[in-house]
Amino acid sequence: MTTDPDRQPPELPDGPPTALDLPPADPLPEDTAKYFAVCQDKLGMVPNVLRAYAFAPEKLRAFSGMYNDLMLAPSGLTKLEREMIAVAVSSINKCFYCLTAHGAAVRELSGDPKLGELMVMNWRAAALSERHRAMLLFAEKMTERSHKIEEEDRDALREAGFTDADIFDIASVAGFFNMTNRVASATDMRPNDDYHAQAR
Amino acid sequence: MTTDPDRQPPELPDGPPTALDLPPADPLPEDTAKYFAVCQDKLGMVPNVLRAYAFAPEKLRAFSGMYNDLMLAPSGLTKLEREMIAVAVSSINKCFYCLTAHGAAVRELSGDPKLGELMVMNWRAAALSERHRAMLLFAEKMTERSHKIEEEDRDALREAGFTDADIFDIASVAGFFNMTNRVASATDMRPNDDYHAQAR
Amino acid sequence: MTTDPDRQPPELPDGPPTALDLPPADPLPEDTAKYFAVCQDKLGMVPNVLRAYAFAPEKLRAFSGMYNDLMLAPSGLTKLEREMIAVAVSSINKCFYCLTAHGAAVRELSGDPKLGELMVMNWRAAALSERHRAMLLFAEKMTERSHKIEEEDRDALREAGFTDADIFDIASVAGFFNMTNRVASATDMRPNDDYHAQAR
Amino acid sequence: MTTDPDRQPPELPDGPPTALDLPPADPLPEDTAKYFAVCQDKLGMVPNVLRAYAFAPEKLRAFSGMYNDLMLAPSGLTKLEREMIAVAVSSINKCFYCLTAHGAAVRELSGDPKLGELMVMNWRAAALSERHRAMLLFAEKMTERSHKIEEEDRDALREAGFTDADIFDIASVAGFFNMTNRVASATDMRPNDDYHAQAR
Amino acid sequence: MTTDPDRQPPELPDGPPTALDLPPADPLPEDTAKYFAVCQDKLGMVPNVLRAYAFAPEKLRAFSGMYNDLMLAPSGLTKLEREMIAVAVSSINKCFYCLTAHGAAVRELSGDPKLGELMVMNWRAAALSERHRAMLLFAEKMTERSHKIEEEDRDALREAGFTDADIFDIASVAGFFNMTNRVASATDMRPNDDYHAQAR
Amino acid sequence: MTTDPDRQPPELPDGPPTALDLPPADPLPEDTAKYFAVCQDKLGMVPNVLRAYAFAPEKLRAFSGMYNDLMLAPSGLTKLEREMIAVAVSSINKCFYCLTAHGAAVRELSGDPKLGELMVMNWRAAALSERHRAMLLFAEKMTERSHKIEEEDRDALREAGFTDADIFDIASVAGFFNMTNRVASATDMRPNDDYHAQAR
């Protein structure tokens, strides 16, 4: 068991969160500073995606507003289901940041470490319910060839028990990670190292 | 010149904005009603994307917050440049809604109807400046294979004169339309008919 | 509303029709000169694709012979249907010339400007008859993965009411635009500016 | 060495040339009958592509006119070079008809059976001159993603010694086989069995 | 009929079998020398793939062991069926070595030269039995997008009469050529010239 | 933290290793039984890939022979480098079995859990040496489009310090996992649950 000498050392917790030279607003506006303190308190860290937006607090507010509505607000989808969509989409787009952070969330929310790995690696290898299979098939088609979605694709979700409001949420979450995956890759966004060992 | 009998009649201005059965909140919250009134006043219509979100005013607020920051707030990118990215990305994803609405915006902002068509059809056929070519090459790579973006791709933007804050904005706009293209296609979102004839 | 200073001025009507340095035969043979005069008279312009071939009148004759047979001769397909195939194929291949010229033809022949946009942007977003949907599905498969066409694909056309002669015509038109899209892109063929405003 | 019982017997020389029920014009027009007699005399067969068009003599004339100009008329490209393009394009599109007929032509014109196989299987495995490599790279890009062709692609041909007229011919031949490959696959066009053993 | 002056002369039978500078072990171990002598005796040549591995006799033994088990040992699949899979897979991967060597094997084993060409060019153009069609559809999906294989794909093979042991063999042969195709292309492995004329 | 009721319970350690009904030879041949006992002793488990082959001990011997030569025998590549190739290839092919088993091996051999995640998720996000970057670029091209590999690709490896024997090993390992990824997905091969928690 040898260390690979070619690998760089782990990022310091306060290293830059992306490859862009965009230092955080200094001082942080009060609401942002408070938000980060809450993160540190509840999560033990400030997720780097938030640190990445800290150079422009109004962008951080817009991003957080959308994220919180999609992933945390009441919905016909459980939080775990929303995280499963997040990871399945991120697997297609091969986004290191989102696979790391949301893979951990799937492990945590499900209490099933293997489920997190399955979403990262290949959701088809999981023994999923019909509901979850339909949900991920739709998210996959949205990711790979959204322009070919037709009414029969929406009907497949309805047949699996989803309401039209649920379909809107599936579409919104799958769409959102098609955004963040690309922003993260475009800026070389780096996930906090803490995620890797969480909920294994 | 004959009418194709197979085509359905044009959507009524108050027809459903998507294929989902999600009627607007009734009554609309005061801020939403006011926002729609401003749209009607300034644009002559309420864009259907806003009507699509009106079933859930808090989602509408989150979406509008992000949209307005990205497309309308001060930036090192002109509004036209942001619309050019929007359309070039939407062309790859073949999103009818976004190509229609933002193609009109490119025609309007540039005063050059042909430029709008070029962004919709194939931006490489346009005689673009090096700056705009670099910008659209990056947005294209983000759309087609974001996981292969590397430092040399960001450096190409820097060499074309973009700052790191500009790169963040290019990434954010290209990312955003990779989201909205997919949400629009997933829900069969229908653009207002008015766009087609605008700024021709 | 500002003009983008990076855009080049519109092509002069007698600017070169492609990026290749191939001036027209001088003088034009009598039949070619007459053909161009008829175009000018009936269409108000000589389409640039014809000007592109004018360096080699025998090539122009061969091309026109095939074009006229496919697009204008009697067929079980209406002229509009043939133009719909032309544009749907050109949308996949992102051919600026053909989308511009034949998008205008769809608008003109249908009297429905929105139908032209739908063919350019994403035919699946159009509310098409079963006949037209089957026709465009076949043309799309021919364009994207012709080697996987099987008898069941032809049978789907027969079930939609097409005869075997119609199938030959659908295949011929879809095939033809897979040729011209590529020749136009390979030579940077430039559509006449007049098309953009036609039949809006 | 056993015969596979699942294979159907070889096509009779007068079996239908495609999967479409389109019997030849009866009687054939005089010029067509004469053309077929010349083929039989010089080639020992009437190529099935001509028989496929015989249901509509005017279509046959248009197709032959274009084919003969492209493949047989004087050009800066040798006939062998045009056939090499034909086969390299057909290999990408996996067209059984064109690979069979034009693979035989490459073997025949070059006197090098292995060259025919290389064009059918993978032209990159051939030890080609810079000229031929540039020519096939351009034809390949036209076939796979024509919308991304730019001036630098044309310049690569110029640097390899091709004139602008030659570039037009390369584009025309590569374009033509992108048409015929698709028409052949769409109609299940069957090559004459004689080709397989020719010039081995 | 002219020779193309740009083509290099045919490889000498003792020219290097790949683009890598890896001369054979000297002397060859006894078992390898004997194996090569048997090949020469029975096939009239030592296949270049074996010569390519001769620099490392233990790698040759491992490769031959796997090859012989897959292609020559008793199986529910005939040897011809295994060769059909080999060629259909190699056609997708465009491997010159494997298409040449195993195309010859299909011609030889079937006594049907056209069948060999069909496997090389496009197996869908062959008039195959349901059994063979199911077999090649599975091998194709394994080659193009193995991560999307599901139980219904295996069930399609069972319905076509294959046992689970047969499915293992189909998977193993299709997998094996996805390996050798890539190794051959990665090393520019060159098939013996003798294959081209065999069993025509 | 709730358990998802839709997930099936974890596989029993003696559950079937694939979706195929192929029970192990009974009794196992002596060499196989001994091999499995050694695995159990040294690894704490018999890897399911070996159990999957146990229905046909001669196939198990052929597979193990090749595997052991490639991954464990002396080579210019370290064992970690070979595992990195294995995982990077498996990431493209989205093979759950290989990503799980060999992702664990990268974590174990490197002592760097994050490196294992990077290979699974997106190797481009890792801060790799030029040597490792060149190695994985070659393996990636072999996996995605091996038919386009040319001498310049091999030269890039030579410039990164690899010998021709090393190139053979890179090609062999990348090729091998393009086989096993497909066989694993084709048979729904299930990794031992123990891997998930190893070396985190």
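For reference, chains read A, B, C, D, E and F in written order, and residue numbers begin at 1 within each chain.
Here is the rule we go by: a residue touches a chain if its C-beta (ideal position, glycine included) is under 8 Å from a C-beta of that chain, and two chains touch if they have at least 3 such contacts.
Here the structure is a predicted model, which is why all the values come from computation and not from measurement.
Under the contact definition, chain B and chain C share the contacting chains A, D. Of all chains, A has its CA centroid at the greatest distance from the CA centroid of chain D. Distance from chain E peaks, on a Cα-centroid basis, for B.
Counting C-beta pairs in contact, the pair that comes out ahead of the other among A-F and A-C is A-F. Computed centre separation for the pair chain C/chain D is 23 angstrom, with centres defined by C-alpha atoms.
Averaging Cα coordinates per chain places chain C and chain E 43 Å apart. With each centre defined as the average position of its C-alpha atoms, the distance from chain B to chain E rounds to 50 Å.
Shown for chain E are the residues that touch two or more other chains, namely 94-95, 122, 147, 149, 185, 188. In terms of which chains touch, the assembly is arranged in some other way, matching none of the line, ring, star or all-to-all patterns. Going by the touch rule set out above, the chain pairs that meet are A-B, A-C, A-E, A-F, B-C, B-D, B-F, C-D, C-E, D-E, D-F, E-F. On chain B, the positions that touch chain A within their shared complex are 19-22, 55-56, 58-59, 61-63, 65-66, 69-70, 73, 93-95, 138, 142-143, 146-147, 149, 151, 153-154, 164-165, 167-168, 170-172, 174-176, 178-183, 185-188.
Chain C meets chain E in the complex at residues 147-150. Those residues of chain A that touch chain F in the complex are listed here as 1-4, 6-8, 10, 78, 80, 91, 94-97, 99-100, 108-115, 117-118, 120-122, 125-129, 131-132, 185, 188, 190, 193, 196-197, 200. Per the touch definition, chain F reaches chain B in the complex via residues 122, 124.
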